[in-house]
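Accompanying notes for the structure given below.
In order of appearance the chains are A, B, C and D, and numbering begins at 1 in each one.
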Amino acid sequence: MTAPLLYALAGALLCGLGLFGLLCLSHLLRKLLAFNVMGSGVFLVMVGLPQHQGGPDPVPQALVLTGIVVAIAATALAVVLIRRYYHLSGLTTLDAEPTSREGGQE
Amino acid sequence: MTLNMWMPLFALMTSLMASLVIFVLPEQGYRLRTAVNLGAALVKLGIVAVMVWGVFHGVDYGLSFTMLPGVEFVLKADALSMMFAGLSAVLWFLTTIYAVGYLEDSPNRSRFFGFFSLCVASTMGIALAGNLFTFFLFYEMLTLATYPLVVHRGTEQALRAGRAYVIYTLTGGAVLLLAIAWLQGLVGDLPFREGGHFGDADPALHGSLILIFVLLIAGLGVKAAIFPLHGWLPQAMVAPAPVSALLHAVAVVKAGAFGIVRVVYDIYGIEASAMLGLLEPLAWLAAFTILYGSARALSQVDLKRRLAFSTVSQVSYIILGICLFGPVGATGGLVHLLHQGIMKITLFFCAGNYAETLGIHRIDEMDGAGRRMPGTSLAFTVGAFGMIGAPPLAGFITKWTMGTGALASNMDWVIGVLVLSSLLNAAYFLPILHRLWFREPRGSWPHERQWGRLETSAWLFWPPMLTAAMTVLVGVLASLPFSPLSWAELVVLRAYSS
Amino acid sequence: MIQALRISAIAIACLMFVAGLAASIWAIAGNPLPESLPQLLSENMSRSGVEHPVTAVLLNFRSYDTLLEIGVLVIAGIAGISMAKTTSLEDPELRTSDSLLYALQRWFVPLMLVLAGYLLWAGADRPGGAFQAGAVLAATGVLMRLGGIPMEFIRPGLLLRLGLALGFTVFLLVALASAIGGDAFLAYPPAMAKTLIVVIESVLTLSIAMVLLALFVSAPVNDAEDPEEGGSS
Amino acid sequence: MTLWLMAGLLFTPLAWAVLTLLTDFSRGRLVSWAGILVQVLVSLGLWLAVARDGGFYYGLGGWDAPLGIELRVDGLAVTFVLLTAVVAGACGLHAGAYIDPDKPWHRYFWPLFWFLWSGLNAVWLGGDLFNLYVGLELISLSAVGLVALGGQAGALRASLRYLLAALLGSLAYLLGVALIYGQFGTLSIAGVATWLSDHPVPSGSGMALALMIAGLALKTALFPLHRWLPPAHGIAKSPVSALLSALVVKASFYIAARLWLELGQPIGSLAAAQLIGLLGSAAVVWGSWLACRQQRLKQVVAYSSVAQIGYLFLLFPLTFSVSETVSLQAQQGMTLQVISHALAKAAMFLAAGNLILSVGSNRVDALAGVSRFLPFSLFSFGLAGVSLMSLPPSGGFAAKWLLLQASLGSGQWWWVLVLLAGGLLSAAYIFRIYRASFLESSGTDQFFHPSRSLEVIPLILAMLALGLGLASDQVLTVMALPFEGEGAP
């Protein structure tokens, strides 16, 4: 058991946690956070697993860097959408069809 | 790259192009549309005439290209295809004339004539298809093109009929597709060939071949309205009369029957079909349908529904004919492909005339109509006697030939079926004739229209007169060359000799 | 009750997922690695134009990834400003006059700018690079914004859109230039690799900062909306 | 020459995204039309080049795999590139006339449109697992942005669902990529496949493949992961719906198919293949059933996509442990299904948009009597429906025929039932719309004829879908071209 392997296993755990959150939580922001937790898990696996045997490997590090930027972009887009959705419908979950449009306070 | 190669495509294209042009024409362009329609029908008549002449003299018309890996698109003209092509070309022309008159002043004519031409194009394709795959292509196209015609009136009843039609035919199409795909996977792409392919089939394949045959017949039987797959046909009679006439007397039901002929003769081969024991059950089924259709026709009060059940019965003559394992019986069946078309279209034209001129739809309203419309009623009478099989009309030729064929191949029970069916025919047609000629008219007609000099519009009057005359002529002149009977003999000769 | 059952079912499924994943990771960790990319990478480092391997991967070996990734970032930025009020991205409510924040910002802003510059420069031979620098730069902007310094340029006008597109455009032009020169798309001439990478990194830093900042400050939500097609009647 | 074409192909959409970002909608439209022209020409040129000389690998940045990113430019990829050019070009032209230029947020339509296009090209050509991930994200985020553009709460809700589903799918895929890299030390699909061809399958790679395919299946909306698709596709503007249904879902499917064809035989299992096939069949049945029950026109079309996608997944069982011939038939069938569905569904959505514009309502019953006005859009809708019902001579029929042959050839007759039943079920929902349009009712005299340019585009697409069946053999020949496995040119 090396440290990178431990990272990878921790990543697996984070993936499971994030998945659980994504499926069970209903508040949109929480869902989004769960997505980020899961994303972090994936990145940990990605960096940890190859470095377990081969020592430092710049390729997955670069990939993760790219992945993080993509995740940031996705998160930002989601936040923007959630805010506008809340503004227009007053809802923070996707459970009910939006009917009224009294809107939330911004 | 000769002209002959392209002839089948031209025959197909005349109606297809007419259809496209008509779709684009504005609704009000009445004259132009009629001109396009009749022009295309005449051109097609010419092309088909040339091809009939050519096929008789052994010219090879054929066009093919690879459509999918291992599958060819083949158009080809042989004696059998010219039989069907000739029938639809002639009757298309007459029906177009009739439809122009029938639909005068009614809405959606652009749509109607567009799809009408599309139907004829599909029928042409079915006639000229050179293998099962191509046949299927046009067979399904016919389904689609007919739907708008069945629901043309847009009433709830029409839409219901359309739904029944689509459910029956598309399911039949799916079964047919399964059968064709299976056959293709088993033995590869098979062109239609006189004499068939399975004369020396591997005995290991027999089981699959029998099953495929059953599926093919089930798929084709829907359009041919074989019992118990006939349910859509009487319902579809809500369509306007020209549609009922051309499509349900000629195109759709004949497409099914024609397909069965193709399968038995040109795919399996008559000997192989007999060897696999496929003909006898099919003959029994056809015989039952003949009697069943006639019996049901007896109890119908609506004129067009009675004619529809009569169609159910008559189409099965064709199938029964080819199941009589022998050249004479086969000739009888094939010639009925033409005879039934001519007779039935006459009857439908007349039914349409009664409906359009006098507002008559039910049989009990027909009392004395013969005096008001003697020409139409004369045509109706000729058609009805033809159906019954009175000599020397078209139907007699069929029944006589089939009866001889049945005796020749030792299937004596068929004679019984023919006699019984003729009696039933008489039982449901003679009362109508009695009402037409020998009863006093009631006070007034349900919905009468005056057209001037003739008893009805000229557009409506002449087509049934012509087809009635043809009913007489094909019977009287049956022994001349190029008569339906001689042509059917030519087809059978080629099928049995190879 | 059903809710609890559902949650426990999902929990069990997730646990199984973790177990399966961990088992696979364990199994893979035990297998020998068939191909060693790091070795190949170090052999080619000299041709990459930079010393730090991560930067080399990002901006040379796998620069197409980076190019598309900037595209993703720009998309997020576009989506962000498409939902903002069209006249201004300024939100008066966000502007505070907190003296503590003001003081902090006087100290921090110059420091952060320097840090961003350093990170950008460091990217060539040690951890750092355009993303890190851009993030710091964006954070500076956020801080300034919270502290009440007006930022007139952040409005969905041409200037902001230019800013969003700048880094991407330069990157793309470099890629195209190499293709016009008859080489593959994105292939830098080895002699110029270093210069080009530095240029790209600098403009990318600006653009990344701009996108992040635009996303952060596009606070007021636009009330105007499209009716659904055919939904009105 | 080919090099220039490749550069043009990659450069144009990205450059036009930037250009249109700097303009407003109306000017962006002119710029985009020019761009569409360029892109169609470049795609056509590349297609012709590959049709003449065969495929090749294109190393980006001059670096070959595994160090750099290699694009796999083969017959299949360029065919899809050309398909994208045709369909996206048509949607772009249609959108230019369809979308209201006065709404300020519509200026962002064009950049998102072009980013979407570049993402699609990246996916068709991609040969590198991680690069495909970035391409997928490019597609997903721009698609979500397009759905949400200026939308109401309903549209935002749909796009949020879409976004969350897409992100979860991407993460699952990325996790699979991480495992693959951990195992094989390379990101190139070809590299992994080559190594697997002469080594035993290492343990743990099954999980990687399963994760990737599951993630992609979620993004492709395979039953039972399809719930996000109909709201998003139904509520977006018609040209956007067309793009999403025709191309976007195909991108993730394409990757899954590529992975399965390269790695499925060694890594996959019979049970997995059959399971995926089963899910595809369930999608066909369930999607069609739901399509029959929808009240709104575009929802019908959207559920139809769920059903049609189901057919695609029959590829998995039909290529696993079967003879070469059967596998080839299944692949060809799948390709034709992708192409014909893309053309037909784009035509259908665009026509549906026109019809909604004409009758002023998005409900199916509102179509009562419109066939009287002989609208071209209804005709296009009908023609596209022929392809979806897989009736001859459409491309859908050709696809079904090949899949039927493959099922019969491999003895997996149960898929035959699915194919036939699926055709009938799709007829049920399509004839429902025909039926509505033929109903003669008194109250429908208002009919607004949209401009000709709006009506012609779906008609052309529908004609292409219909005619594809007749030209299938030619199309398939290009895809079966030899591939020269050498490195970058």
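Methods note: a residue touches a chain if its C-beta (ideal position, glycine included) is under 8 Å from a C-beta of that chain, and two chains touch if they have at least 3 such contacts.
Please read all numbers here as calculations on a predicted model, not as lab measurements.
Asker: What is the chain whose Cα centroid lies farthest from the Cα centroid of chain A?
Answerer: B
Asker: Ranked by contacting C-beta pairs, which pair of chains comes out on top?
Answerer: Looking across every pairing, the one with the most contacts is C-D.
Asker: Express in whole angstrom the distance between the two chain centres, defined as the mean CA positions of chain A and chain B.
Answerer: Averaging C-alpha atoms per chain gives centres 67 Å apart.
Asker: I'd like to verify one number: the distance from the centre of chain B to the centre of chain C, where each centre is the average of its C-alpha atoms, in whole angstrom.
Answerer: About 71 Å separates the centre of chain B from that of chain C.
Asker: Chain B to chain D: how many Å between their CA centres?
Answerer: Going by mean C-alpha positions, chain B sits 43 Å from chain D.
Asker: Between chain A and chain C, tell me the centre distance in angstrom, where each centre is the average of that chain's C-alpha atoms.
Answerer: Centre-to-centre distance between chain A and chain C: 16 Å.
Asker: Quick one: which residues in chain D touch 2 or more of the other chains?
Answerer: 130, 134, 137, 141, 144-145, 148, 152, 154, 175, 179, 182, 185
Asker: Enumerate the residues of chain A that touch no fewer than two other chains.
Answerer: 8, 15, 19, 45, 49-50, 52, 54, 59, 63, 66, 70, 73-74, 77, 81, 84, 88, in rising order.
Asker: In chain B, which residues are in touch with two or more of the other chains?
Answerer: none
Asker: With chains as vertices joined when they touch, what's the shape: line, ring, star, complete or other?
Answerer: Per interface graph, the chains form some other shape.
Asker: Can you identify all of the chain pairs that touch?
Answerer: A-C, A-D, B-D, C-D
Asker: Quick one: in the complex, what on chain A touches chain D?
Answerer: 8, 15, 18-19, 22, 28, 31, 35, 38-39, 41-42, 45-46, 49-50, 52, 54, 59-60, 63, 66-67, 70, 73-74, 77-78, 81-82, 84-85, 88-89, 91, 94, 97-98, 101
Asker: Tell me, which parts of chain D touch chain B in their complex?
Answerer: 329, 332, 369, 371-372, 374, 379, 386, 389, 391-393, 398, 400-402, 404-405, 408-409, 416, 420-421, 423-424, 427, 431, 434-435, 438-440, 469-470, 472-473, 476
Asker: What residues of chain D sit close enough to touch chain C in their complex?
Answerer: For this pair, the touching residues of chain D are 3-4, 6-7, 10-11, 14-15, 17-18, 21-22, 58-63, 66-69, 100, 103-105, 108, 111-112, 115, 118-119, 122, 130-131, 134-135, 137-138, 141-142, 144-145, 148-152, 154-155, 175, 179, 182-186, 191, 195, 199, 202-208, 235, 237-238, 297-298, 353, 356-357, 359-363, 366, 488.
Asker: Per the contact definition, I'd like the list of chain B residues that touch chain D in the complex.
Answerer: Interface residues on chain B, with respect to chain D: 23, 27, 66-69, 71, 73, 107-108, 110-111, 136-137, 140-141, 143-144, 147-148, 151-155, 159, 162-163, 166, 170-171, 173-175, 177-178, 181-182, 184-185.
Asker: For chain C, which residues count as touching chain D in their complex?
Answerer: 20-21, 23-29, 31, 33-37, 40-41, 44, 60-65, 67-69, 71-72, 74-76, 78-79, 81-83, 86, 158, 161-162, 164-165, 168-169, 172, 175-176, 179-180, 182-188, 222, 224-233
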